[in-house]
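Have a look at the structure below before the remarks.
Labels run A, B, C and D following the written order; every chain starts at residue 1.
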Amino acid sequence: MNTRKIAVVITARPSYSRVKSLLQAIKEHPQLELQLIIAASALLDRYGSAVNFIEKDGFTIAAKVFNVLEGENLTAAAKTTGIGILELSSVFDNMRPDIVVTVADRFETMATAVSASYMNIPLAHIQGGEVTGNIDEKVRHSITKLSDYHFVASESARERVLKLGENPEMVFNTGCPSIDLANEVIQYNGLTFDPYQKYGGVGRQPDLSNGYLVVMQHPVTNEYQDSRRHIEETLKAVAQLDIPCLWFWPNVDAGADGTSTGIRSFREKNQLDNVHFFKNMDGMDFLNLLQNSKGLIGNSSVGIRECAFMGVPVINIGSRQNKRDRGHNVIDVRYDQQEIAQAIQTIISQPRPASSAVYGGGDAGKKIADALATVPLQFHKTIMY
Amino acid sequence: MNTRKIAVVITARPSYSRVKSLLQAIKEHPQLELQLIIAASALLDRYGSAVNFIEKDGFTIAAKVFNVLEGENLTAAAKTTGIGILELSSVFDNMRPDIVVTVADRFETMATAVSASYMNIPLAHIQGGEVTGNIDEKVRHSITKLSDYHFVASESARERVLKLGENPEMVFNTGCPSIDLANEVIQYNGLTFDPYQKYGGVGRQPDLSNGYLVVMQHPVTNEYQDSRRHIEETLKAVAQLDIPCLWFWPNVDAGADGTSTGIRSFREKNQLDNVHFFKNMDGMDFLNLLQNSKGLIGNSSVGIRECAFMGVPVINIGSRQNKRDRGHNVIDVRYDQQEIAQAIQTIISQPRPASSAVYGGGDAGKKIADALATVPLQFHKTIMY
Amino acid sequence: MNTRKIAVVITARPSYSRVKSLLQAIKEHPQLELQLIIAASALLDRYGSAVNFIEKDGFTIAAKVFNVLEGENLTAAAKTTGIGILELSSVFDNMRPDIVVTVADRFETMATAVSASYMNIPLAHIQGGEVTGNIDEKVRHSITKLSDYHFVASESARERVLKLGENPEMVFNTGCPSIDLANEVIQYNGLTFDPYQKYGGVGRQPDLSNGYLVVMQHPVTNEYQDSRRHIEETLKAVAQLDIPCLWFWPNVDAGADGTSTGIRSFREKNQLDNVHFFKNMDGMDFLNLLQNSKGLIGNSSVGIRECAFMGVPVINIGSRQNKRDRGHNVIDVRYDQQEIAQAIQTIISQPRPASSAVYGGGDAGKKIADALATVPLQFHKTIMY
Amino acid sequence: MNTRKIAVVITARPSYSRVKSLLQAIKEHPQLELQLIIAASALLDRYGSAVNFIEKDGFTIAAKVFNVLEGENLTAAAKTTGIGILELSSVFDNMRPDIVVTVADRFETMATAVSASYMNIPLAHIQGGEVTGNIDEKVRHSITKLSDYHFVASESARERVLKLGENPEMVFNTGCPSIDLANEVIQYNGLTFDPYQKYGGVGRQPDLSNGYLVVMQHPVTNEYQDSRRHIEETLKAVAQLDIPCLWFWPNVDAGADGTSTGIRSFREKNQLDNVHFFKNMDGMDFLNLLQNSKGLIGNSSVGIRECAFMGVPVINIGSRQNKRDRGHNVIDVRYDQQEIAQAIQTIISQPRPASSAVYGGGDAGKKIADALATVPLQFHKTIMY
C-alpha cells in the first residue's frame, strides 16, 4: 500500500490549536505523509503569526498562501476567499495530495473546500454538523455538502451530518482533536509559565496567585455593526471586578474593527487596573492558563469544548455558540453588563463543574489519522435521499 | 414599499433559457427592479454567446463579468470560480442588490453564492434539491446551504431541500421556469423557422419534413477522461440511421475537449450524411425544434424537464440526469451504441407520450417574482434540526 | 466639443495631497468630468484613511478598489499590483474614461498604467522623469514608457522624459501640483490649528510656541531589511534634542514593518519627552505645520518639493530623494546619528532659506487640467529615436 | 562559485522558438540551472500547445501557469496580465531564482517583469530596444526600464537601450537567439519532412516540388478593429496565385478574432485551391520550410530576423515590423491587394538575397548564458542621466 499524501490547510491560529494533535498523528503515521499548508491570517503578524508556533512545534510547512485582502469589510472577506481559491488550486496542482483536509467553518476555509472538490481531490472536513446560527453555519454545512469524509466532534453533530444526506460510512464521530491537547494539559500541575514574562502584552500585571479570570470575545460576523456595543458590555462588567482578568485580542473577521476599537477606546477612557491584554498565546499554554483559572468569559468555542472536558466554568456571551452541545460547565448570558456581572459572581462562588466527554475522549487526532489512511479514495457522491 | 433590486447572474446559455420567463416577470413586476449580470461562458463566442440572445430579447445588461480561465482542466474550473468571486463581489458592492438570484448547479455559480452570502446579501437559489450524482450535485446542495430562499422545480426536490434542514417557509415549489417557455411553444403550429437558414451550422442538410431527431450530449464532469468514448457510442448509433439528426455542440466544462475532439475526429473519418451540427440556438427556437421532433437523444436536462411537459420522447444516456424526476417520456440507456440504437427504434415506432406537470405548470417565473417581492429580506438562518 | 471623462486613480495619502489642486481644477473645468477612483492604502485605516479626507474635501468617489494583499513582504506587493490590474480593468471597462491619470511612482500605480495602456485608453502620468535610484525609479520610468502624456514637475524632469524618447509635444513642465497647495498655505498667518487637539496622536505634548521640528521618514523599498537600523539613527538623534519634535508614521511599503517596529521598540525602551507621534494629518494642515516649523527631518519628498517653495529648511536622510532637484533649503545626510544631530544644529541656528520655484509656481493643477482638455486623444506612440 | 538558478518564462509559441538555443545553453552551462516556466497561450491547444514541443525537445518544465482569461478583448488582455502577476509571484516565491529572464514584448510578458522586479529578483530582458510603433513597443520599452540586464539583438537596438538611460555595462548585443536555430537549419539539404503528412492542417494539398510561398500574418493590437479588412487584402492577393501557399494561423492577441473570422469567412465563400492551412509547426521545421520556400508573406518578425540571416525574400505587410532593422531581403508593402500581388511577382522573379548578420551570427544563446553566469547579481539601478 502506498503512502497517502494528506494536505491540511490551516488558515487561523485557533484552527491550528484545534488540529495540532491530528497533524502530529498524520506526521507519525507510517502510511501518511503530511503536506501542511498555512494560509490567511495564520501567516500575519497582527493575528498572532500562528505560523511561528507551527514551526516551533516542529512541523514542516509545504506552502504558504497569502490571501488576506485588506479592508475589514464583507467584500474583502469574499475577495479573500476568491484569492484563496486561485492560490490553493495552484498549490494542490503542484502537490497532488490524495486527500485534502479542511477545518471547521471560518469563511476562508470555503476556498480550500471549493478548490479540492472542483479538482476532484477527496475532501475531509473536521467539525461538521455543528450549529451556531450565523454565517459560520452557512459555511460549515455548505462545506459538508462539498466533502467526502466527515470527522465530527459530538454525537449530535454526527446525527446532523447524516440528516444532511451524507453516507453513514463516511461520517466518523472521533471527538474533537482539540480535546486531545486538553487531555495532555490536565496532567500538568498548576501554571507552567509566567504569562507576563513569556507573552508581554499590555496593561497592569495584577497578581495571579489568588485566582484570575480569562476573557476572549470575538466579533460575530453577521452582527458586525454591533461588535463595539457588545464588547463594551463585557468591558464594563469586567472593569468593576477586583479579580485579575487576562484578556485576549479577537481574531480576524469582518467586525474585528468594531471589537478592537471598542477595547482600545474603553482603555483610553477608563482605568482597567485588574486587566492585562495579550495578543496571542501558544495553544498549550492557553489551555494550561484556562485549567488554572476561575473561569472563562466570552464567546470562544474553547469554552464549550475544551473547558467541558477540563471542567472549567464558562460564561458564554451572546449567539456565537448557540445550539452547540454543552457539558456541565457553561452559563449562557446575553450582551448585558448585569447578566455578565452576576454570572461572574456565580462561577467564582460555586464548586468546579465535573469533566464531560461530550466532545471526545482525547484521542481524536489518532482516530482521524487512522481513518485517513484507510477510507476509500473517492470524490463521487450522491445525497442519501 | 420600496422597489427591490434583484440581481440575477447568468453564467451559461442553458441557464439563460431556464430563467428567461423569470427575468421577464421581474422586469414587469412593479415592486422589482432587474439587475442582470452576464458572466462566464454566457459571454463567449465559442459557447454560443448567450449574451447576444439576451440583448436581442430586450433585456438590459447591468454588468458583464469575464472570468473563464482557459485551460479546460479542473484546476482552471476552480480558478474560474475564484476569479468569479473577485469580480462579482465588486459588482455586488457597486449595485447593492436586495436579493441575489443564482441558477442551478454549474460549477461557476458557486462564485455567485459565495459572494452574495459572504456579503450578507439575501440569496435565492433556483432548482435546488435535485439529484444527479456527480460534481453538479455537490455544488447544488452546497449552494442550498448558502441560500436563504429556495425555488424548487418539483415536489421531490422540495422534500429534499427540507431534509437538508431548510426553513419550510423559505422553500417554494414553483415548478421550473423553463417550463414557462415550453408552455408558450406548444401553442405554435409546426416549425416556425428553417434551422439551416437561420442558424447555419455545418454538415449536410437532410430534409426535415418527414421527421428528425435532436442530439445534445454534454461531458460529465467527474468522468471527463471518458468523455470521448461516451460521445463515440452515440456517434456510432446515430451514424447508422436514415432519419435526419440535428446535433448540438456541448457547453463548456472540464472534459469539453474530450467530447468536442471525439465529434470532430469521428466526422473526419466517417460519413455522417444524416447529421447536421449546430453551435447554438435561441432557446425558444430550440424548444420549437424539439416539440416538432421525433425525440431527443443525449443527456440534457431539457429532455427530463421541458420534454416531459411537451410530451417529447427522450433517450437519456448515462449518469448525468440520474435520479432526477421523470415524466412518462424518458428511456434511460447506458453509453452503449446498441442500447441507444434500440431505444431510437422504440421512440420512432411508438405513439407520443402524454404531457406531465412534474416540473411545473408553466407559471414558475411569475410565482418566483411574486415571492421575491414579498419574502422577508434576511440572510441569517440556522439549520432546522 | 464633448466633455472628456478624466479618471484619476489615487492609491495613497501622499498621492492625494500631491494632486488635490488638479482634482479641483478638473472638477471645475467646463470641458472635463472627474472620475475619481480610490484604491490600495488610501482606503485603509492603518494608513490614515485618505478616503475620509477626500470626501470631506467635497470630492465624489466614483469607485473604490480594495487591492492591498496583507503580508508586508515583496511578494505581497507584486500580488497587490496583480489584483489592482484585475479590479481596475473592470472599473475602466464600466466607466469608459477618455483619459486615465496616474500619479508618481508608488509600486501599485503600475496597475493603473498597465490596465489603461492595455485597454487602449490614453494615459497621463504626473511626475515622471525624476530620479531617486531605487525601485520607485524603475516603476516611474517604466510608467513613462506606457504613458501618452507627461506632466512633469521640473525642467530636469522634462529633459529626462525627452531623453527617454517621448514626443516633446506630449511632455509638459507644469510644475508639481503639490506646490499649488503650498502656494495657498503660505498666505496663512501662523499655525491655524492645535495639532494635539485636532489630531490626537500619542506621546507627551511639548509646548510648540518656541518652535518645533517635524519628522517623517519612510522605509526605502530595496533596503527594507535595513529599515529598522535606519530609523534608529534618526530616533537616537531626535531623542537628544530639547526642541519639540512632531513625528509622522510611515506609509505602507515592504519594509514598513521594520520602520514601525523600530519606532515602537525605541519608544518602549527610551524616554522621548520631546516627541509626539501622529498617524496622519490633512495635507493642508501638514503644510501649515511645516511652514511654521524650524525644519523637516526625514526622507519625504515634501522636503524637496513643497519646502523648497515655502523656504523651510530640510534635513534629507539617506538615498530616497537621491538626484531629485533641490532648492536652497536641503541639507543631505546619511543614516547616521551624528550627521543628523549636526544638521539639526545648523538649521536651528541659521536664517531661513529663500523660496525656490524649481518645482513650479503654484498653478500646476490648472495647467494640467487645461492640457487634459485639449491634448489629442491617442494611445499610439513610438520612441523618438 | 555557486550554481545560479535562471528562471525563464515562456508565454507563447513564437517566444519559445526564439529562445530555444538559449534554453539549451543554460541547461548545458556548468554554472547555471534552468527553471523553465510555461505560461499563457504556450499551454493552450488553440494556440498550438507550445508546451508539447518544449517537452518533446527534452526540457523539464518546472511550473505551468494558466493565466489566459477568455474574452478576446482588451480588458481580458489586461486581466490576463494581472492573473499572471498573481501566479508568477507565487512561483518565484517558491523557486527563488537568482535571475528571471523575460522575452521580447508580448503583453503578458509584463507580468513576468513586474513580478520579478517587485520581488527584487534581478531581471534579464531579451530583445529590448527594438521599434515597432504599437502597443508592443510600449510594453517592450517599459520592460527595459524594469530590467537589470539587456540582451539585445542588433546594434541599433543596443543604441536605443543606451539612450533609454541603461548602464552600458549591462547591455549586451548578443544577436538574437532565434538566429542560432536558423544557423542550424541552413545546414540541411532541402525539405526534411512532408508538411502535409507531419502536420495535417486543412485545405487542398498542392504539390510543393516546384516551389511555394509561406504566409503568416498576425493581427496588430491597436488596430484590432481593422484586423479583418487587413487579412482580406492578403487573402485576395494570395487567392489569385498559381503557386502553392502554406498559411499559418495567427497567435493569440486582442484582434485575433478579426483575423481568424476573416480567414474562415473568406474560405467559405472562395475557392483557395492553392492554399493549405496549418495551425502550428515545430520551430525548426518552420525554418526549414522557409529556407526552402520562394518567400514569406505577412508581418511575422521571422521575416525580418531569421529570413535576413537565411537570405529568404520577405513581403512585409503593414506596420507591425515598422522601424525594425532589416537585411537585404525585405519588401515593405501596405495592406493592399495590388501592392502585395506585385511584390509577390518581384520575389518570384528575382534572385535570392544575400545573407545578413544584422540580427547576429548564430551564437546568441551561448553568449547570453555566459553573461547570465557572470553578471553581478543586482536589482538596484538608476537612470544614467
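The rule is simple: contacts are C-beta pairs under 8 Å (C-beta built on N, C-alpha and C of every residue); 3 or more make two chains touch, one makes a residue touch a chain.
As the structure is a prediction and not an experimental result, all values here were calculated from the model.
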Worksheet item: Among the chains, which one keeps its Cα centre farthest from the Cα centre of chain D?
Response: A
Worksheet item: Which of these pairs, A-C, A-B or A-D, matches B-D in more than half of the residue pairs in contact?
Response: A-C
Worksheet item: Counting C-beta pairs in contact, which comes out ahead: A-C or C-D?
Response: C-D
Worksheet item: Between chain B and chain C, what is the separation of their C-alpha centroids in Å?
Response: 53
Worksheet entry | Inter-chain centre distance, chain C versus chain D - centres from mean C-alpha coordinates, in Å | 40
Worksheet entry | Separation of chain A from chain C, taking each centre as the mean of its C-alpha atoms, in whole Å | 42
Fill in: Residues of chain B engaged with two or more neighbouring chains
75, 79, 83, 86, 90, 93
Fill in: Residues of chain D touching chain B in the complex
43-45, 66-73, 75-76, 79, 83, 257
Worksheet entry | chain A contact footprint on chain D (complex, rising order) | 63, 83, 86-87, 90, 94
Worksheet item: Quick one: in the complex, what on chain C touches chain D?
Response: 74-75, 77-79, 81-86, 89-90, 92-93, 107, 110-111, 114-115, 117-120, 131-135, 137-139, 141-146, 160, 163-165, 222, 322-323, 379-383, 385
